[in-house]
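As structure tokens, here come the structures.
What follows is a pair of complexes built around subunit A, which joins subunit B in one and subunit C in the other.
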Partner chain A sequence: MDVVVLMKMVPDAAQKIEVDAASGQLKASTLNLIPFESDEHALEEALLIKERTGATVTVVTTDLPGGDVALWTALAKGATHALLVTRGRPYEPRSTGELARIYAKLLETIPHDLVLTGAQAPDDVEGELGALLAAQLGLPYISVAVAVRPDEGTHSAEVTTELGGGLRSVYESALPLVVGIQTSETPPRYAPFLQIRAAQRSKRTRSVAVEPVPFDPKVEVVALHKPVAGKGATMLEGSPEEVAGRLVEILAEKELVGG
Partner chain B sequence: MADVYVLADLERGRPTDLTFELLTAGRALASDLHVPLKAVLLTNEAGLIAPSLGFADGVVAMSHSSLEHRNLEAWSRALLKILDEKPPKVLLIGISNGLLGLPSLVAGARGLPLISLCRSVTAHGEEIVGDPVLFGGKIEAEVHAKGGPVVVAVRPGSYSAEPARVQRTVPVENVEPPEALETRRVHFKRYADLEQTDVDITHCDVLISIGRGIQSQENIRIAEELSGLFRNAAVSSSRPLVDQGWLPRTRQVGRSGMTVKPRLYLALGISGAPEHIEGMKSSETIVAVNTDPKAPVFEYAHYGVVADILTFMPRLAEQLRKRKPVVA
Partner chain C sequence: MDLDHVLLYPEGKSLLTCIQCGVCSATCPQEAFMEYPPRKIVAMLKAGLIDEVVQSGSMLKCVSCYSCQAKCPRQIRLTDLLFPLIRGRMFEGGGIPAELQKAFLDVQRYGNPLGRSTSERSDWVARSKVPIRILADRPGPVDLLWNVECYPSYHPRGQAVALATARLFHRLGLDFAILGSEERCIGDCAGYFGEFGLLDALIEQNLTTFRKYDFRRVVTSGAHAFNVFAHHYPGYGFTTPVEPVVGLIGEELPKLRPMLKTSVPHKVTYHDPCCLGRCMGASALRCYFAPPRKLLEAIPGLKYVEMAHHHENSLCCGGGGGGMWLDTYYRDQGMDRLSERVVKEAVAAGADVLAVTCDYEVSRFEDAVKVLGYDRKIVVRDVLELLDESAGGEAAV
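Let's look at the complex of A and B:
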């Protein structure tokens, strides 16, 4: 059983994301790229499959800042192989379509029964990587997965998906299959720093250069901007004590707390 | 003349709110383009559902047993046949968890322009313009698509569902299912409900909802203490905390979790990603506390406090202890 995990570097939304007013593009200098959270869950799900079935786990990302560390971390967590796809291009908030084509080409050379990746990234303006890749490769695709249970005997997998509101649905698919992971069955494991350093020194990360893939974008991102502030909240100001006191008064007026 | 299509999102055979929201969006777009609005219905028995889509000028339907549940492979093969036979100008698909990925599968298979994560869609002349919301609501974009058919994936909660809840008999064009449905590789097996052994947050009057700002699992007890000062209250959370295993999935508010409408929703250290907002925006009173004055959550809250929740929560608890809990 060969499992491939595709990890994408995205700007950390917990930090400031600035737009350059002149160009209408993201200020590259202020971007802190981190592995997309659901991709971390995709890796965890792959490692769980490895532990259960002895599968091989190959983790792939591109040469954006932090991509190498993401791969060392994946190796430290237990991934079998790590591939760094060299593109030599900076981060763009609209490259998923191109990435799908690059990975489709790459997967011609890598055995894959299951391809796992995050279900929906915060920059998927032109669609999700997993679904676009599945369309490229002509493979079936299941999204918002919270559990993937492959069966080597029948060469199929049972996939549980999260519909929201406490409802889940379960699908069965023949392999190979591309899965968009929402959340892994258990939280992503922790990789100790020393093991990440060891993975770095082991030189187990392989770089692969891909030829530029002809890609004709069908849509044009005309401008990026900060959300236009609407009416918004009534802001309560003062010391924490004053604000807490004022808030409790408001809650009392609304009969949410007693007098 | 090409139409505006809206794909009906169905859950257990019933159109979801999102279906009606998109019909509202589709109507405005169809008016601008001076073309008819059609609902696309993929199901096992289209005749039963079509009249509930009466806000549209017509329904394009395909019936097949494999289309009963939102099986992405079956639905994409069905949609592709409809797009090939009756290409529209625009196809709107809602981003529900059940349909996530479908716009990409369809657009990817035919090389069609796709604009995803949209909060609005308009026509500028012949050009279709989408306004996606990115990076947890921190950035918005303006994206133009030429040619077509253009596929637009629209976020839930972007349009009002109410105008589109029209029940009437509408003309139905039936499209024969493709043979490809018989050779599909993905099969729906069953629904599974999340075990409800925990408190049901959809029935609470007050939710003390925590996000990344809580910083550590140990700090959750501070929120629990705060919750104890209200009647019929519980601690809920945004997705990252549940994904970390700090709280059970039954406590998650948002698209993948629960949709809640408590009398008071106290959003503590939650930035307000669109997926979270979807699940709580109908709460009666929303109070947000966040260190970032530009956090998107303040756009949806009635009252806002810029503060570190670890400093603020004990102060609030102190003030609440002077009062009696009254929410019953």
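Let's look at the complex of A and C:
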């Protein structure tokens, strides 16, 4: 069983991100790239599968800043192989569509029964990476998954996804299969620092150059800006006691708490 | 040194001298909740039952309070060596609560366990009425490098203590500066939970930053940071003198005393933090039992009372050794919070102010006061806040 995990480096929202007025893009100096949270869950789900079935887990990311650290961390957590996708120069993703084509091309060269990626990255809010990739590869695709249980004997997988209101649906699909992961069954594990350094020294990450097919993006980023405060919110002002008192009144008025 | 070969090292060999007297378990504030309390753990390590100890989770309940180590008649290094080794092994098999994992990941990523941006680390400085020099902006020689630490930098209550500290430094005419956004966690929780690689990385990074600047002494807000400075940094060749803020201000008391004019008419008790008391004595370095008490007693109108547990018998606040990020886990395990026990003792002693000097404690004990419903009975103040108030507070600088 070969499981491939596609990880994406995204801007860390804990840092103060600024938009460059001239270019309309995020200011590079304010960006700290970290692995997308759901991708970390995808990796965790893959590692759980590895522990249960002895599967091989290959982790892939592009050579954006921090991509190498993400791969060392994945190896420290127990991934089998780690691949850094390069194009001979720093990779600049222009769109998810292009990224999907690059990954599709890469996957032609590596074995894959299951391809896991995080659903809905900040630049991929429709969760389109998995869908576009599955379309390129001609594979089935299930998204917003919370559990993946492959069965090597029947060469199929049972995938659980979350619906609203606490409902879950369970799918069964033939392999190979592309899955968009929302959360893993258990929280992503922690990689101790010594093991990350050991993975770094082991030189187990491999660079793979992928030349993408020409791609004409149909969607362009027109503008970026910080959220504008709407008019729906009421800001309570005053001392903590006054604010708390008013808050209790409002909750009682709306009958959310006993008066 | 690793757990499998612990008996090959001198520090580990001390396990063989254990006489199973049980003082360690008897003095442990969490013993009642451990499947294997300290005495049994020592016996099990001697017998090679390492996996049983690791898998029991007993070590998640240790809050690195140093009680067992300080009282061990054989001076076995339980708190700062053997227990971290056991916990370090827990990373291999999972079982570390997600809340604590997140704190470590945040320290890896941002150099603070609160998960806040490095660029925001010195935002609190803008609210100071006294000048606070940031070395990156104004390099050049300085007497005191003030290591503000994480909670005083980011937590709103910690920031209030940091501002009071800055006013005291200013009043005393001290030549001080901070690292601002270059400062990172000094490494306490990582080292005491057994995340040795992270501790090592933090020390290396901090020493690289320190080498950029010219300072004569370090003064640190955090009791935990002081502990790590005292015990781990010398091993990396860092020999600059380090004092906790309360020790430094204690030395300056003759100069400060005439400024303490405003009466603070409260009955005040003081909580001895493990990292300025017991653990310093246990390692034959310095302990700081006297300075905070002398400072409090110098405040006019203040009446000092002692709690049942004090000095080397002080109860831990429960925040050490990763305990700061295990409150949810402790609740799930049906355990009492140690911070609540301390607040109950303070109220029983008749105090209406619980004075502290550890950077974790203002927020920890305030939470405990709220949980106990003691809002009208007692407030939590840092010793430095009380001194600043007596010196006139913000209005007098």
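The criterion applied here is as follows: the second predicted complex is superposed on the first by the 219 of 259 C-alpha atoms of A that agree within 3 Å, B and C clash if a C-alpha of one lies under 4 Å from a C-alpha of the other, contacts with A are read in each partner's own complex, and residues count from 1 in each chain.
Criterion: contacts are C-beta pairs under 8 Å (C-beta built on N, C-alpha and C of every residue); 3 or more make two chains touch, one makes a residue touch a chain.
Because the structure is a prediction, the values reported are computed rather than measured.
S.K.: For A:A14, using the defined touch cut-off, is the partner it touches subunit B, subunit C, both, or neither? Pick first, second, both or neither.
M.R.: both
S.K.: Could you look at A:I250 and tell me whether it touches subunit B, subunit C, both or neither (first, second, both, neither)?
M.R.: After superposition on chain A, A:I250 lies in contact with subunit B alone.
S.K.: In the overlay, answer first, second, both or neither for which of subunit B and subunit C A:P192 touches.
M.R.: second
S.K.: Contacts for A:L26 in the overlay, against subunit B (first) and subunit C (second): which applies, first, second, both or neither?
M.R.: Only subunit B; A:L26 stays clear of subunit C.
S.K.: Comparing subunit B against subunit C, which has contacts with more of the residues in subunit A?
M.R.: For subunit A, the partner with the higher number of touched residues is B.
S.K.: After lining up the shared chain so the two structures overlap, which partner does A:Q136 touch, if you call subunit B first and subunit C second: first, second, both or neither?
M.R.: A:Q136: touches subunit B, not subunit C.
S.K.: Contacts for A:I34 in the overlay, against subunit B (first) and subunit C (second): which applies, first, second, both or neither?
M.R.: second
S.K.: Of the residues on subunit A, which ones does subunit B touch that subunit C also touches?
M.R.: 14, 186-187
S.K.: Which residues of subunit A touch subunit B in the complex?
M.R.: By the definition above, subunit A touches subunit B via 10-11, 13-14, 17, 19, 26, 37, 41, 93, 100, 119-120, 122-128, 130-132, 134-136, 140-144, 158, 160-174, 177, 180, 182-183, 186-187, 218-230, 232-237, 240-241, 243-245, 247-248, 250-252, 254-259.
S.K.: Which residues of subunit C touch subunit A in their complex?
M.R.: Those residues of subunit C that touch subunit A are 88, 91, 94, 96, 98, 101, 104-105, 108-110, 115-120, 195-198, 200-201.
S.K.: Per the contact definition, I'd like the list of subunit B residues that touch subunit A in the complex.
M.R.: Touching subunit A: residues 11, 69-73, 95-98, 100-109, 111-117, 132-147, 153, 184-194, 196, 206, 212, 229-230, 240, 242-245, 250, 254-259, 263-264, 271, 273, 285-288, 294, 296, 298-307, 311-312, 315-316, 318-320, 322-327 of subunit B.
S.K.: Any idea which subunit A residues touch subunit C in the complex?
M.R.: Its residues touching subunit C are 12, 14-16, 34, 186-187, 189-190, 192-197.
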